[in-house]
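Alright, structures below, take your time with them.
There are two complexes below, and they share chain A, which is joined by chain B in the first and by chain C in the second.
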Partner chain A sequence: MARPDRRDPDQIRALNSVLGQLSRADGSAQFSTGSTSVVCGVYGPVDVKLFDEHLDRAHVEVKLRPDIGIPGPKDKWLESAILQTLEGNILAHLHPRTLVQINVQVRADGGSLDACAINAAILALVDAGVPLRLMVAAAACAVMPDGRIVVDPVAEEAEAARSLHTFAFAEKGLGEGEGPVYVDSRGVFGIEEYDACYGVCERAVGRVLAFMRSAVESKVTKESHVAGA
Partner chain B sequence: MQTFERIHPVEFQRRFLTQDTRLSGREFSQFRPLHIVKGSIGTAQGSATVRMGNTIMVCGIKAEVCEPDVKRPTHGYLTTNVELSPMCSARFRPGPPSDEAQVASEHIHRLITPSVDLTSLCIEENKVVWALSADIVCIKYDGNVLDAAIVALVAALENLKLPEVKVDPATGVVEAGAEDGVQLGIVRRLFPATFALVDDNYLVADADDAEEQMTSASLLVVLDDQGQMVNVWKRGTGIISRDTITECVAAAAARKSEIERALST
Partner chain C sequence: MAKPRVVLPGDIVDTHTHSGSDDESTMDVDAESRVLRLGPGLAQINDSVRATAAGICHSKDETQFWVTSNKRRYVAAEGEPVIGVVVARHAEGYRVDIGSAHDALLPLLAFEGATKRNRPDLALGTTVYARVSVANSLMDPEIECYNANTGKAEGYGELSEGYAIKCSLGLARRLFSSNAPVLVALGASVPMEIAVGLNGRVWINTETPATTVLVANAIKNSEFLDAKQCRQMVKELLEKK
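Showing the complex of A and B:
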């Protein structure tokens, strides 16, 4: 059975990113997979509220705005997912008593939003020059009622799926059984399906990471040309 | 000893962990015993109290009648609310619910919604349905509230009894009849098990508050009645390898039978 957008089961949607689009943020990135698109702006390190100040490290904060309406519990949940994935990855001890604020704005949700938001946030952190321990990226897949595993599901597929899986992996140790940074698998599934999804997402993350690398590289090359001229 | 624990809590815990033991005397893979009392709140339609060591959660479910959503005229509502107030731990501040509480509420809501048959809450299509609001309140906080909250909610849902209801077709007035009429259709029960990576090295089951303070990653595995996985949720940047996660799923199956036994008493 063909997918709604006629992709292969293991084919991710076209990736697109724009770095440094927001002029007033310290770093920003727009990350899109097909119709799902997220903009993220990072401020940091900046002044921190006394209440949030840590003597030995920077405070990391994620604020997420949905595409429609005001933030609700769903958005709080995704905020926490992004924070949990990235917080330990930021070398916060290099900037004690400061704040790193990650602002995420959903532009359009066409499925696999969680993974897209994580990817946008990490690219924005890179663009802002916030020191990171590792490069991380996320991907999602779905197990359809007939047992097919499709990567990067669109909203329609996610709706019909028997289970949905979002994984984030670090670039270092990818494919060597290092273990995921973030997992959210829901639905009804057995351990074999989980393992299969793990493999599918791991390969997809590899492609996303390669894309991110080329996106950052091309921006750096462009900037160095300007500086050189 | 107590001074050491207060001044160097991390080092204090580490002394135990390096000796392959825990302050509580539990094995790394050992969960705390679970005690469940169903129907602990007389004024709620369904309730349960769950105790896991020093973590105590109470779940009360109130039922009200209201109009269904236009898009889903035969579905009732089930809302979940986890409360982590300063009553249960000094870590929480008074005021609006903390992020932690909101995330727990939302996560439990996502888990429970496909696990109950919301059409069993329909009284009259397009007109009247039950709206259940499950309040899960933490009385004592000693780590792993998510497990305790899920078990408390499942126990309270099993305990739930809704009165028989009649709708007067002429006036549209809803009237409650005999008590203990209808029960909620439960598609599957949920059996959670949380594992925490403490001090980047030691994977412990069912971490208590002191251990949670040093946790760099946590893994929640939820199984259903058949032992199928319903949710795997790994958070935090600590590394839990692929094989370890598989082992945790097996350990969760053992925990499932413990919870089943506690639920049936």
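Showing the complex of A and C:
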């Protein structure tokens, strides 16, 4: 059975990114997979409210705005998912008593929003120059009622799916048996299906990371070309 | 010297010597006694040196390594000249916004010829050119408007008149290094006074507001232009004037 957009089961949608497009933010990125698109702006390290201040590290905060309406429980949940994935990856001890604020604005949700939001956030952090341990990227997949595993599901597939899985992996250790940095699985599934999804997402993350690397490299090269001239 | 290369967070930077393959005995001694100095954008994580920011990795003498990256948010570093705005006055000094996470402290005595009786008088909102004297992550930064060794102002102090603009830290660094193409091109035909703060602020003063705006626009435009394009851009701006 063909997928709604006629992709192969292990084919991710076309990736697109724009770095540093927001002029007021310290760093920003737009990340799109197919019709799903997210803009992320990072401010930091900036002054922190006394209430949130930590004496030994920066406070990391994620704010997510949906494409339509005001943030609901789903958006709050996604905020915490992004925070969990990225907090341990930010070298927060280098900037104690400060705040790193990650603002995520959903532009369009065409499925696999959580993976797209994580990817946008990490690119924005890199653009802002916030010190990071490793590059991280996420990918989602769905197990369809007939048992097929499709990567990067569109909204229609996610609706029909028996289970949905999102994994985030760090670049170093990918494919070397190093575990994921974030997992979200929902629905009914067996251990074999989970393992298969793990492998599918791991390969997809590899492709996303390669894309991110070329996007960041081209921006850095563009700037340094000017400096060298 | 190793060739500069693009690094991303998590990339391992090879800090081992590349040159001494023909003379292995001395290389081993070097490797033992070598003290590595890691600059911005690098950190030792476990047994390897890894990049923590995206940028170009440079090295010098195979003992010094650093990553240059373009940012917008300033993190104070000792010895760097910055442009700040006075936001508050205390008994012992001024609080100055230099664009970093915390406001910097400018002691009343950190001016040329200042004594307890003879204090500088800066109004709130005054722009000052100063040098960062204390910068570490645990304390608020401190700045000074004189050279502590000679007691002379050496160009630091209040920036009266003029116009301050903001730019990226990378552009500020390029403007600060000698003969930035845009400044050379402007300087050839426009008389001007300029102060560059490495916190991404540039102060400009010329004879007329129109020229000040022209210089400000030229500097903002030069962010992604090379030397030749800079000359062309400045030429076009001057013709339009």
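A few points about this structure:
Here is the rule we use: the second predicted complex is superposed on the first by the 228 of 229 C-alpha atoms of A that agree within 3 Å, B and C clash if a C-alpha of one lies under 4 Å from a C-alpha of the other, contacts with A are read in each partner's own complex, and residues count from 1 in each chain.
The rule we apply is simple: a residue touches a chain if its C-beta (ideal position, glycine included) is under 8 Å from a C-beta of that chain, and two chains touch if they have at least 3 such contacts.
Bear in mind that the values here come from a model prediction, so they are computed numbers and not experimental data.
After superposition on chain A, the partners chain B and chain C are seen to fit next to each other with no clash.
Contact with chain C, but none with chain B, is seen for A:45 once the two complexes are overlaid on the shared chain.
In the superposition on chain A, contact of A:184 is made with chain B only, not with chain C. Contacts of A:77 after superposition: chain B is touched, whereas chain C is not reached. In the superposed model, A:207 lies in contact with neither chain B nor chain C. When the two complexes are overlaid on their common chain A, residue A:97 makes contact with chain C while staying clear of chain B.
In the superposition on chain A, A:107 makes contact with neither chain B nor chain C. In the superposition on chain A, A:198 makes contact with chain B only, not with chain C.
After superposition on the shared chain, chain A has more residues touched by C, the comparison being chain B against chain C. Shared-chain residue A:87: touches chain B; no touch with chain C.
Across the superposed structures, the minimum distance from chain B to chain C, using CA atoms, reads 15 Å. Touched by chain B in one complex and by chain C in the other are residues 133 of chain A. Chain A contributes residues 73-74, 76-77, 79-81, 84-85, 87-89, 133, 177-191, 194-195, 198 to its touches with chain B in the complex. Residues of chain C that touch chain A in their complex: 4, 6, 8-10, 41, 43, 45, 50, 52-56, 68-73, 75, 101-102, 137-138, 170, 174, 181, 223-228.
Interface of chain A with chain C (complex): residues 25-27, 43-48, 91, 94-99, 126-135, 170-172, 213, 216-217, 219-227, 229. Those residues of chain B that touch chain A in the complex are listed here as 99, 102-103, 105-107, 109-111, 114, 216, 219, 224, 228-246, 249.
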